[in-house]
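In this document, chain identifiers A, B, C and D correspond to the written order of the chains, with residue numbering beginning at 1 in each.
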Amino acid sequence: MDKNKVKEIIAKRVAQEMKDGDVINLGIGLPTLVANYISDDIDVILQSENGFVGIGPSPKEGEEDLDLTNAGGQLVTIKKGGAFFDSATSFGIIRGGHVNATVLGALQVDSKGNLANWMIPGKMVPGMGGAMDLVVGAKKVIVAMTHTAKGSPKILKECNLPLTAAGQVDLIVTEMGVMEVTDKGLLLKELGPGVTIEDIKAATEAELIISEDLKEMEI
Amino acid sequence: MDKNKVKEIIAKRVAQEMKDGDVINLGIGLPTLVANYISDDIDVILQSENGFVGIGPSPKEGEEDLDLTNAGGQLVTIKKGGAFFDSATSFGIIRGGHVNATVLGALQVDSKGNLANWMIPGKMVPGMGGAMDLVVGAKKVIVAMTHTAKGSPKILKECNLPLTAAGQVDLIVTEMGVMEVTDKGLLLKELGPGVTIEDIKAATEAELIISEDLKEMEI
Amino acid sequence: MNKLISIEEAVNHIEDGMTVMIGGFLAVGAPIRLIDALVEKGVKDLTLVVNDTAFIDTGVGKLIVNKQVKKVIASHIGTNKETGRQMNEGEIEVELVPQGTLTERMRAAGFGLGGILTPTGVNTMVEEGKKKIEVEGKEYLLELPLKADVALIKGAKVDKKGNILYNKTAQNFNPTMATAAGTVIVEADEVVEIGEIDPNVVMTPNIFVTYIVDGGAK
Amino acid sequence: MNKLISIEEAVNHIEDGMTVMIGGFLAVGAPIRLIDALVEKGVKDLTLVVNDTAFIDTGVGKLIVNKQVKKVIASHIGTNKETGRQMNEGEIEVELVPQGTLTERMRAAGFGLGGILTPTGVNTMVEEGKKKIEVEGKEYLLELPLKADVALIKGAKVDKKGNILYNKTAQNFNPTMATAAGTVIVEADEVVEIGEIDPNVVMTPNIFVTYIVDGGAK
């Protein structure tokens, strides 16, 4: 499947998780795309951990403000009714459970809801930034990612990279399906367009429990 | 001695402890009078623990603002260059050592620098308010009080009322003298106007070490 | 999401036995219309979390006089003789907390901390029943988070999304309480349209505010 | 008390081996003129406390490239490849701290707390060497205060007494760093007279600020 199509499927499906009044933090990269698909019928407030609520679209040419960026350093705007604050307040909001959901990518995620997305020992050590606080603090943690990396499963029996947080992931959304982390393991609730149970099992190291209400993603 | 004269002596002497640029918290009652005697040659910033720096004088009639009071609930003003903040910041300033000196009254103080000024069990239990934070957090703790209560010593070998804080008092200023809390006990450095060593010893339960440089208060 | 409700609707969110934080410092910055409505409604057995119990005829003091409170958590009760009387008679329970610790405990609850270490109260009655932890040779008390079911706060200017500006020393405990309760109701001296408050100077961001009532002071 | 000094005087307060906090988030809100002066002065063996090491040619990243830093305490170093290279080569020590923990540790230092309990980092590498404390059945890490000799911060508008207003997301770590260092130097986009900033909207009160430099951005 086309890479952009894959991202679109994932972002569209994640957007369906948002409810009116929700405060949402979208991670850098794919998760940022979710903003494009949130229904106009609901009021969702996007939080930027560098210090504001009410992220708006990219500025028009000539209206850029160098003092107004998102957590990825990109120039953005603030919506009417938004509010700026310092990092201490920003992470108070995050750690204190005032963010309804955070959407992040992952290097690995496992059947216990463990998440690894911040380093590969000896290779890539960029730092955790705000990810560890977000994953521990947000009420709901949604992992949004491509199902595999160069064909290798990323949804594992057990993560072997250093964890970002233990047992905090609630939902995994990929182009192949939607999986909920339950006490018994990963519950496959939806299949991606054209994906079979066999397809997704083959691409997943962790055991998948098939939901009785298994359906196809509506996107 | 006249009661007001006593208060004036104490307040004037305490005011001499202030230095240019100091941030000072003055307790309710006698300590508040200190503000009247701070030299015009220095810039001293008064902090009010209910939420601002830059306490000014009482408002003129007709210029009262019900949203602008000191920690005793009295209507005050704010000086040019002052700043308001919330209680969390206010006590951050206090606890964090950003207040150079706090001036408070005492029920009892002892030779170890222990202070009791917040309750008399079974009688008076108003609460500690901000006193415990102030005494622990301020760089210098100055007790400003009349030397005795109805003739009974208040400067004791050991406090017997519940403590506000242990070992935090640095200086005791009364109408009878100025005493510094040292590792060896209370060092009498100055005598009040007309007061003899015998007078002050008779009115003090704690041992007094007489300074080699003992002098009379200059007020 | 319409957050603007009537004072009557607002107090319906407060039920017997709840823990309620109420902003104000000696009644300055207290949501006095919400308090009056609470007195009128007569809910009882409240646990009040306040800086002080104000005065017998002003602010939260009225709730004490009206015997709606079973427990008070405060730093100071000395300005309201009725609180002391009820405490001495065993009619009310009082937990005294140093003022700086009180605000930090609320902040800890609001900001997801399991507790904070403070030097305040070490070697005093305040340390009773608390864990003492030594850090770099200095002793601290572990103080635990303090949260409420409902917080009633007062803002000077509030937009319809819930962004709050406070005025001068009427700020005090209000911003911290706004973080630490399940339901946060702000009494606004003035309600303004969304966009009328500069996002750069907002003191409490809208996401903390559940409901707004127009206090009608302006 | 004249707090307004030149950039040259300002950087004289920073000596080899000092711990220096520098505000900014990917260089947004960073005191870039002070950083440039620090690069020019060439002080070395600094311990930098920053959110991130920005970019090789912008913000604090220049100090890394110029090899003036022996240790970095940050939440993120991924945008500056030179930091990673020096770390892998053993030329620099890097302590990675979750962003929320980083700001709380500074605040604890500035506000006199002996530490804070955070759930962030439990059961990850971050918990190594730290005390774990259980509160009401949940595990927390005890994170300790983090202070600096000097903090270099950036304000949008600063009055001559030192009251600061920040602008939008250029706020970030600046207000907290202002509380946590022995000497606090603010680079002002614009210096204004005392009285020109409304005391009600001051973001960092003057008492935290030691020196002001006019960054001349406005």
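In this text, contacts are C-beta pairs under 8 Å (C-beta built on N, C-alpha and C of every residue); 3 or more make two chains touch, one makes a residue touch a chain.
Since this is a predicted model, take the numbers as computed values, not measurements.
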item: Each chain counted as touching chain A and chain D at once; value: C
item: Pair of chains joined by more contacts [C-beta pairs], B-D or B-C; value: B-C
item: For chain B paired with chain C, centre-to-centre distance based on mean C-alpha positions, whole Å; value: 29
item: Chain centre separation (chain C, chain D; CA means) in Å; value: 32
item: Distance from the mean Cα position of chain B to that of chain A, given in whole angstrom; value: 55
item: Intercentroid distance (Cα basis), chain D paired with chain B, Å; value: 35
item: Residue list for chain A, restricted to those that touch at least two other chains; value: 52, 78, 84-85, 91-92, 94-95, 136-137
item: Per-residue overlap in chain D, given as positions that touch at least 2 other chains; value: 104, 107, 112-113, 118-119, 166-168, 199-200
item: Contact graph of the chains (line, ring, star, complete, other); value: other
item: Set of all touching chain pairs, with the criterion as stated earlier; value: A-C, A-D, B-C, B-D, C-D
item: Chain C partner contacts - residues on chain A that touch it in the complex; value: 20-21, 23, 43, 45, 47, 52-54, 78, 80-85, 89, 91-98, 136-137
item: In the complex, chain C residues that touch chain A; value: 1, 107, 109-113, 159, 161, 163, 179, 194-195, 199-200, 202, 205-208
item: For the chain C and chain D complex, residues of the former touching the latter; value: 104, 108, 112-119, 133, 135-136, 138, 140, 142, 144, 165-168, 199-201
item: Complex interface listing, chain B residues touching chain C; value: 48-52, 65-69, 71, 73, 78, 84-88, 91-92, 94-95, 124-133, 136-137, 162-167
item: Touching residues on chain D, where the partner in the complex is chain A; value: 25-29, 51-52, 74-79, 84, 87, 94, 96, 98-101, 103-104, 107, 118-126, 156, 166-176, 203
